[in-house]
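Heads up, the next two complexes both have subunit A, just with different partners, subunit B and then subunit C.
Now for the complex of A and B:
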């Protein structure tokens, strides 16, 4: 009897510490952040915090830069995730055939993952500078007048797309890696069977390989979508969200208000919205995945 | 056995009391000086202070510049700031003083006021009280130029003493196929500085201080508002530099070091920035023939080119020292910190100007620092940067960001002025 009771509560000993730290350092700050988003606070003295209700959220709806940031996030989600997903899948399928030099290609695609995003951002910032960058040198050398002196990161028209290009370059390798691992797990005998049945390469990919890597595809999409919503480092290193907020995303806009302008509550309201957006989008993806499984 | 126990207890009590009798009062000091040479300079001052007396031990912890602000805010909101902290003077310091985070040092600073140079009071004054002592001094409104390029073109740098002369010189270089002004405003602050210095020239010193300080003291009457013609003209003159093609190609893509690099390499002959450039010159281009002069005056405006824009870090004592009972010990350190020996150490090691009254003529300054000292010697007034006077909530979006918006064409100078003024009025209404 005693043993049964002991066994019934034994898991608490193992789960307890993790649950404590998870609650202390994740759940509690999240709840505090939600509370702060309904106040006006300078981040210095708790005695000077003032409850302001929904005013921070109402202010967000009149903030044009907030919508620029949200629009840029959605652009990253739809454009970058689509490009990364299909390009990574195509490259992984090719590499899975083990063509000549496949190891070199695999390593090349993998390199950006192990470089810090800030380093990647700063390097590309240098490359793309119209005064000191190699692209300007290149344009000069080949007399490409329309490319000369273009402010890739300093123009409203090009800043976001320039960062997106670098973002795709940086994140592609990770998705290739995931797809590569998924393809490794596809049973060879099923591929052989399809070949014997006379299926073409494309038909084998369409009807055998892709259905078998559905779960890994879902992981790639969820990670890519979440990363695109939470993007901060690359934007911060390359454009700081500029020029004049043109390349802002929600995470950089949150930082801008919270730390550059000293408006902790307003920044926190942006963070809370971002949190719920990511939760909702992830939930939708999981629901779709379950429906597909059925 | 009883004797042994008695002896042991007596020994323990004696050790305890002697240990406490010799215990030094520990004073914690936080700074943002984690990079050389400032890190070593502050450590030397702390070490010298610790060595010269037996009562107090100052323990210095340096944080990197960017996380320092977050560390400070977290420690103040958590109630555990260090006894002494370095804070950027002006508005940054005001926000901590405003909520009772700092100790009022009016009596202490008044007692050593003969050491502190006149004209820098607004950096450590808030609400009529004095909250700290200045550490180092920087002049913001300076023009750096390539002596060799000016000589080659036969241009006297003195032509740049007025705005029309400055743009005239820029035009001469442009006509010769050289883009004259190295400029990179990807971070917003270099553009903010242009507007700041032009605003300083467009307004009297009193109006310049009041226009910013209103966000902390709503009783102040600003003779000029941000949307008045004089303030709007500051933006117009700034935008004019772009329209005339004087800025280098990366004016919105490049950052401060990249733009400064163009001056170092001789790709552009003119660069406007503060006295902190000296450190970069010594590190990046020690042999480059670079000269320095004051930011030009605008013809017809009240400001002259002898009126300076300054900034300084302030050493403050926090409410943490009150809780720890170390306020008096912290004051003793500040007393030493403002002594000639310590100020000389700091100034020589960091090659920064001293906001103190000591005679610096024999100090080991770089020649270019002597040129800047001469600019100070002939100055008629000093006032802090606008972002040290004004609440960041209005200053950052309407000067830093606006300096980009004016260049991208998102804002006209009048719009920038109107938005800024509206922000100030809204802030005053919600704050007070």
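Now for the complex of A and C:
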């Protein structure tokens, strides 16, 4: 009898710890986030929270830096993700042809994945330094006037684009990895069949391989788009959103308000909006994928 | 399909593309390694090439002033404890959700999945305020508890894995009089070893490289992780490019060496992580 009793509640012991930490430090902050985005709060005492309805969200519409941040996020989403997608696909297809030394190439392309974005960002910051950076040294060496002493990260015109380049450099490997896995899963006999039918390699890729890796393409796009919206580390390490908010993205702008300026509610409103943007964009992508399948 | 079946011009194009990409990846790292062995004078005269004289001064100075030993102990300590916790708690939860019959089982499973949609950026500010209220800011617990909360993926992964283990095995053990905990630790855990390795790798890479949570929770110099320490190091020394590069090399080389040793496991782990979502 005793045995039965312990069995009845055993699932609580198994699920309990994970449930506790998850509820306490993930779900609770989410609910609190939604709540304080509708309030005004100095962030010091929980007793001084004042409900203000949608005022934080309305304030966003008059905030031009918010739109700069959103625009930069969209730049990352459209420009970087398309470049990453097509380049990664091309490289994965080439690697799948098993050229000489493909394993070495593969490993090389994946290295940036395991290095933290912050360290990558700091490395490229040194790289791009207008006085001692390697780009500047190149310009000096070849006497390229227009590339000398350029404030790659310090001027409004170039800061965002410089970070975008580094972002592509850092994220490409992961997409190659995913495409590679997708290509491995393509049944070998289908490829053989196409070959027997006299199809060229290019035709086989176009008509057999590409249609078969549709699902993995969807995964690559959704992950890359989500990452581009949530971007934080790289911007923080390279420009801190500067100069004068020119390279700000939503996550760094949220941090700026929440932590640098102490505008807790306003910062949280940005965060909540970011959350809804990501959810809606992911949903839209899934719906489009469904429609295309039909 | 093989590369030999395509026209020669296409083959050349493929190789040119691959080599160009390989150079763009390798060059920054090579520059980093070379520069950290140069004196500042050597660097200004010869910014690209191999050091004319190998100097270890930068690396020694970066190691001591950057307090790298401390940074690595912190990073590895925080990461190991968190990964161990995640694997234990989520392994148990995944097993519980897969093999126990109780009311609301699916509901709890979906509740756990909800978190996959909530990125850390969203909860950063309130999480900090909550942690501050319970007085854990500036302790290791703040980051470790946060990482222990990131359960959705691990639970999802473990549940799927345990569902693949036949129920008969558990029934047989029960008839033999084994308790639930004995079944879990002595039968299930050994069987789930591949899943444990995958989850551990994914979380290790993620937690070791994480920056946002240490940034807000660990202000104390002695608590800093490698990424965080790196950030403040680069801010402190304004002019010395060689010293900065030396510090960056100390931050990149160990993860890179680990990656090169375990690259197959890490690659398949990361792929599994992305595709099973």
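Heads up, the rule we're going with is that the second predicted complex is superposed on the first by the 267 of 294 C-alpha atoms of A that agree within 3 Å, B and C clash if a C-alpha of one lies under 4 Å from a C-alpha of the other, contacts with A are read in each partner's own complex, and residues count from 1 in each chain.
We adopt the following convention: a contact is a pair of C-beta atoms (placed from the backbone, for glycine too) under 8 Å apart; a residue touches a chain by one contact, two chains touch by 3 or more.
Quick caveat, the model's predicted, so the values are computed rather than measured.
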{"item": "Fit or clash between subunit C and subunit B when superposed on subunit A", "value": "clash"}
{"item": "Partner with the higher number of touched subunit A residues, subunit C or subunit B", "value": "C"}
{"item": "Partner chain(s) touched by A:30 [first = subunit B, second = subunit C, both, neither]", "value": "second"}
{"item": "Which superposed partner A:71 touches (first subunit B, second subunit C, both, neither)", "value": "neither"}
{"item": "Which of subunit B and subunit C A:42 touches, first, second, both or neither", "value": "first"}
{"item": "First (subunit B), second (subunit C), both or neither touched by A:151", "value": "first"}
{"item": "Subunit B versus subunit C as contact partner of A:82, first or second or both or neither", "value": "neither"}
{"item": "First, second, both or neither for A:129, with subunit B first and subunit C second", "value": "both"}
{"item": "Contacts of A:17 with subunit B and subunit C, given as first, second, both or neither", "value": "second"}
{"item": "Touched partner set for A:271, first subunit B, second subunit C, both or neither", "value": "second"}
{"item": "Common interface residues of subunit A - those touching subunit B in one complex and subunit C in the other", "value": "43, 46, 125-126, 129, 132, 259"}
{"item": "Touching residues on subunit C, where the partner in the complex is subunit A", "value": "1-3, 5-6, 10-11, 14-15, 17-18, 21-22, 24-26, 28-29, 31-32, 43-44, 47-48, 88-90, 92-93, 95-97, 100, 102, 108, 112, 114-115, 117-119, 121-131, 133, 145-146, 148-152, 155, 179-181, 184, 205, 208-212, 215-216, 226-227, 230-231, 234, 241, 244-245, 248, 251-252, 255-256, 258-260, 263, 266-267, 270-271, 274-275, 277"}
{"item": "Of all residues in subunit A, those that touch subunit B in their complex", "value": "40, 42-48, 125-126, 128-132, 136, 149, 151-156, 239-240, 242-246, 259-263"}
{"item": "Sites on subunit A touched by subunit C in the complex", "value": "3, 6-7, 10-11, 13-15, 17-19, 21-22, 24-30, 32-33, 36, 43, 46, 90-91, 94-100, 105, 107-119, 122-127, 129, 132, 134, 137, 169, 173-174, 177-178, 181, 191, 195, 200-202, 204-205, 216, 219, 223, 226, 230, 232-233, 236-237, 250-251, 254-255, 258-259, 264, 267-268, 271-272, 274-275, 278-279, 282"}
{"item": "Touching residues (chain side subunit B, partner subunit A) in the complex", "value": "69-70, 73, 76-77, 95-96, 99-101, 184, 186-188, 248-255, 258-259, 261-262, 267, 391-393, 396-397, 400-401, 404-405, 407-408, 410-411, 430"}
